[in-house]
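Shared chain: chain A. Partners: chain B in the first complex, chain C in the second.
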Partner chain A sequence: MRWLSDNTIEHLRSITDDPDFSATKYKVVKEIARGGMGTVYLAEDIELGRQIAIKVLNTPELDSGLARRMVREAKIIARLEHPGIVPVHDVGTLPDGRVFYAMKFVRGSRLDEYAAQVDSIKDRLRKFQAVCDAVAFAHAHGVVHRDLKPQNIMIGSFGEVLVLDWGVAKLLPAASSEADTLILPGTNCDVRTDKPIDTAHGTVIGTPRYMSPEQSLGEVEQLDERSDIYSLGAVLYFLLTRQAPIERKTAGATGQSATTVSIQRPRELNSKISKAAEAICLKAMARSAADRYPSAVEMSADIGRLLDAEPVSAYRENTVERIGRWLGKNRFLVLLVLAYLLMRIFFILTAKR
Partner chain B sequence: MTIRSNMIILKPQMDPDTDIGGRLHRFPVTSHSAIVAARSDDLEVRQRAFETILTSYWKPAYKYIRLKWQASNEEAKDLTQGFFAIAIEKNYFARFDPTKASFQTYLRTCLDGFVANQKKSEQRLKRGGGTNTFALDFESAEEELNRHRVSDGITPDQYFYREWVRGLFTLAVEALRRSYDEKGRSVHFKLFEAYDLRDEQVTKLTYADLAREFSLNSIEVNNYLAAARRDFRRIVLDKLRETTGTEEEFQREARALLGIKIK
Partner chain C sequence: MSKPLIGILLGAVLGAFDGLTAWFTPAVRDQLAGIVVSSTFKGIIAGIAIGFFARKFHSLPIGILFGLAVGAFLAYLTARFAVGGYYFEIMLPGSMVGLIVGFATQKYGKAPAVAHG
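What follows is the complex of A and B.
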């Protein structure tokens, strides 16, 4: 048998890993991300002459759980037609047997990179409100994301906000029947299942630093929109403080981090954060789901009120704070009145002389 | 998704007009796990499973014993023969629990235990010592060891894994050659051999060079190479499936094998 050198083996590994896009209208440009389930490539749609992103399953298994999960992910995204959710253009199977789906290629930066570059808390809050709106839309269609974190949110070149990576999303019962009946595209064989492709009880999926207590305990059946609300709170925490609510090493060590670790208040990390902003964040991150915002719509509304300097539902302010907020909101009016009063006083005094 | 860096520029693109494979081509799942078959009640099925495991693992095991246990070549031969003989006799492989470790880790652990016991009791010759239970080409293994020095800093475990990968790819290359010879498509393999099996040290050929050498046009070269690579990938994954116990382990090993660089 022929001896294969280390160089030859590395070369063979790279060519066997490359997806086979022959017989498709796509041409790969480069690899842009790699995860446990699939790899994302920048590719060109030869027919339409545009760049797209293609997510390809790492292994060619049509009837495996991963393949079904990938197709399901594509179907979930496809049903979520919203400006804050990346549209899926195509789904299929490559000649080498790997399932793929093609989606819009988003140019821009991830939310964590954006937060590092933008100092204005108000600007960051505006982006966050757009995230809430996209998530609220998904919830309205019975989809819980389950892996919301700054790394899964993109800010496009024109400031648009896009929520990515719906690979571990959960379909709520009313919405699940349609997407769980699958025919793998690009094949002439039916691979149908009526069984929900969901995660077994006790299985922990997601990102520990951003996941809700119930998710970190693997209480899969109990997860609903409020689990995403917790993660939204954690994303808000990151946007306010530029750090995750739970440190990476703690999250990795406990495995049940959100249930056991006490979180430092955002204002202790950044005194410029308003009490109302902190209250919204902490309300969303309440350990008990019942104490959180009941919906992303309500959380978005509170963020909107915060941006408009109106009272927020998460924080009861005292009289001094109310006056302070009113003065802050009506700064120009107050200045005008003050200027008017000063002028009146000046005229009165000069008239008396 | 966790890794968002390490962007890689891929190799020249395959021809979209290729007629090999096609949109409806389905990846054929032809192989079954030898690890699962090793638990079969049917003796014949079990024997075939052992043969598969032996073919994939004897060489990494031999080299590993030479490196980690500093065994002489004669000693390593006996230990390798002895290990697989006793593994089959006592059906070690049927006891493998995929929830605890990968099969290769399990096999390596069994091997370490076996060698340690043999060394301790100095009863090496009792089991397989001096006998040729299996017809294994130790000369080629020894030649490879002598010809290619083990890199500095590599641990015995890493070495075992690397040699296992090398063995897997070598078997896949041979299977690809046989398959193309049987189909009368030896030119596919010759192209693959000339372009993809060349050592990096040698000047890289272009598709145009190959076209001239094999009296083909560049599109044919492109298509034949694409087909050979696709078949090679299928064979590698088939062989990997044979030596993994569960779907989960297969997926994990496939990711490690094709997605992460070895030392």
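What follows is the complex of A and C.
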């Protein structure tokens, strides 16, 4: 009797783990990313001849919460038609029972990679404003992302900004009452309502370093748009300082940190950050949800004002700072007037001789 | 604020300031009032022309060049009729004022809304 080598067994296991797309119009090119819930593949849409990304559930359990969550994720993204949210093309089930959905394949880099490459804070803020706009759109449609972080935001080849991974998104009551029905062909997976797979109270989901204090404490019922505002603030913190506001690994530890420990001020890490930018960041990351921006629209507006060198709502500047900001904004005009005055002084001095 | 209004205000202020500096030239100090009035008037005329130009054409370099040309031309006329032939002393600041007004009217002020038929 001849035994199979470890390498052969590993190879056979990987083949059996690979999703079987033979009954679909997709052909897998390569694996892009693997998470706890699903794996994302780069694939080719054979009919349309274009590359797409396909997220496939790791396990073929049709009636499991994971399968329903995955379909729900696809449905949530599908209802969010916005340039800043990656569009879903298709959803279905593979012959082995695994649920999948196909979406646009975004070429580019993740926001954390982008931040590492781009030195201009203004450029980073412009991208961040686009993130705020996409999140504001989702909020307007009753969807809270709950896992906003630089790794879930892509910057496309042409500078477009796309928010990804809506797998743990929460539908706010008004939106979840819209009882859409989706029955996957070949399965009994009927996604008639989102309520059965809503996260139970006390469950901590999301990424610890970027989640709000209430989210890290598992206060699921209390989570609303302002929880995303906190995460947006944490993403802004990262863009300004190139490091996460809380460097802890576990949700429990972060829960303690976010509620009890003060976050280091961004300007202590990078003195180039303006006081106004820091104020926006810290307002969004206020411990109490009531002290944060009430909406992503207002946060985006403040970022816009910051970029236009106008006063922001999060920071009350003194007279000297106001004058400094005005001079900075109109420096060319100020230089022209100064040149004119210097010329005048020159004429006055020469006229006296 | 509209672009012509910015042009008029800036032209008037800079023109008046331009005229007031004549006080430092002893030879013309007794004509100061006339110089200030004519210089302010010149600034207003330049401001109107440059402001309306900025309303019509939206280009920073062209606006600056137009301002410079208008300022230089008006200053040339002033210098030509002025006693003493202070061409350089009048034309250089006058051109500079036109340049500043040209820049400011392109950069600031509200452009008229475009009507859609």
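To be clear about the criterion, the second predicted complex is superposed on the first by the 320 of 353 C-alpha atoms of A that agree within 3 Å, B and C clash if a C-alpha of one lies under 4 Å from a C-alpha of the other, contacts with A are read in each partner's own complex, and residues count from 1 in each chain.
As a convention for this text, a contact is a pair of C-beta atoms (placed from the backbone, for glycine too) under 8 Å apart; a residue touches a chain by one contact, two chains touch by 3 or more.
Owing to the predicted nature of the structure, the values given are computational and were not obtained by experimental measurement.
Once chain A is used to superpose the two complexes, chain B occupies space next to chain C without a clash. Once chain A of one complex is fitted onto chain A of the other, the partner contacts of A:T8 are limited to chain B, with no touch recorded for chain C. In the superposed model, the angle subtended at the C-alpha centre of chain A by the C-alpha centres of chain B and chain C comes to 160 degrees, rounded to the nearest 10. Comparing chain C and chain B on the residues of chain A they touch gives the larger count to B. Of the two partner chains, chain B is the only one touched by A:K27; chain C is not.
Once the two complexes are overlaid on the shared chain, A:M343 sits against chain C while remaining clear of chain B. In the superposition on chain A, A:D165 contacts chain B only, with no contact to chain C.
By the touch criterion defined above, A:K272 reaches neither chain B nor chain C. Of all C-alpha pairs linking chain B and chain C after the chain A fit, the shortest spans 47 Å. Chain A uses no single residue to touch chain B in one structure and chain C in the other. For chain B in complex with chain A, the residues that touch the partner chain are 1-4, 6-11, 13-16, 18, 20-27, 29, 140, 144, 147-148, 162, 165-166, 169-171, 173-174, 196-201, 223, 226, 229-230, 232-234, 236-237, 247, 250-251, 254-255, 257-259, 261-262. By the touch criterion stated above, chain A contacts chain C in their complex at residues 332-333, 336-337, 339-340, 343-344, 347-348, 351-352.
The part of chain A that touches chain B in the complex is made up of residues 1-18, 20-25, 27-36, 39-41, 46, 58-62, 64-66, 92-93, 95-98, 110, 151-152, 165, 167, 186-189.
Note for the complex: chain C touches chain A at residues 14, 18, 21, 24-26, 89, 92-93, 96-97, 99-100, 103-104, 107.
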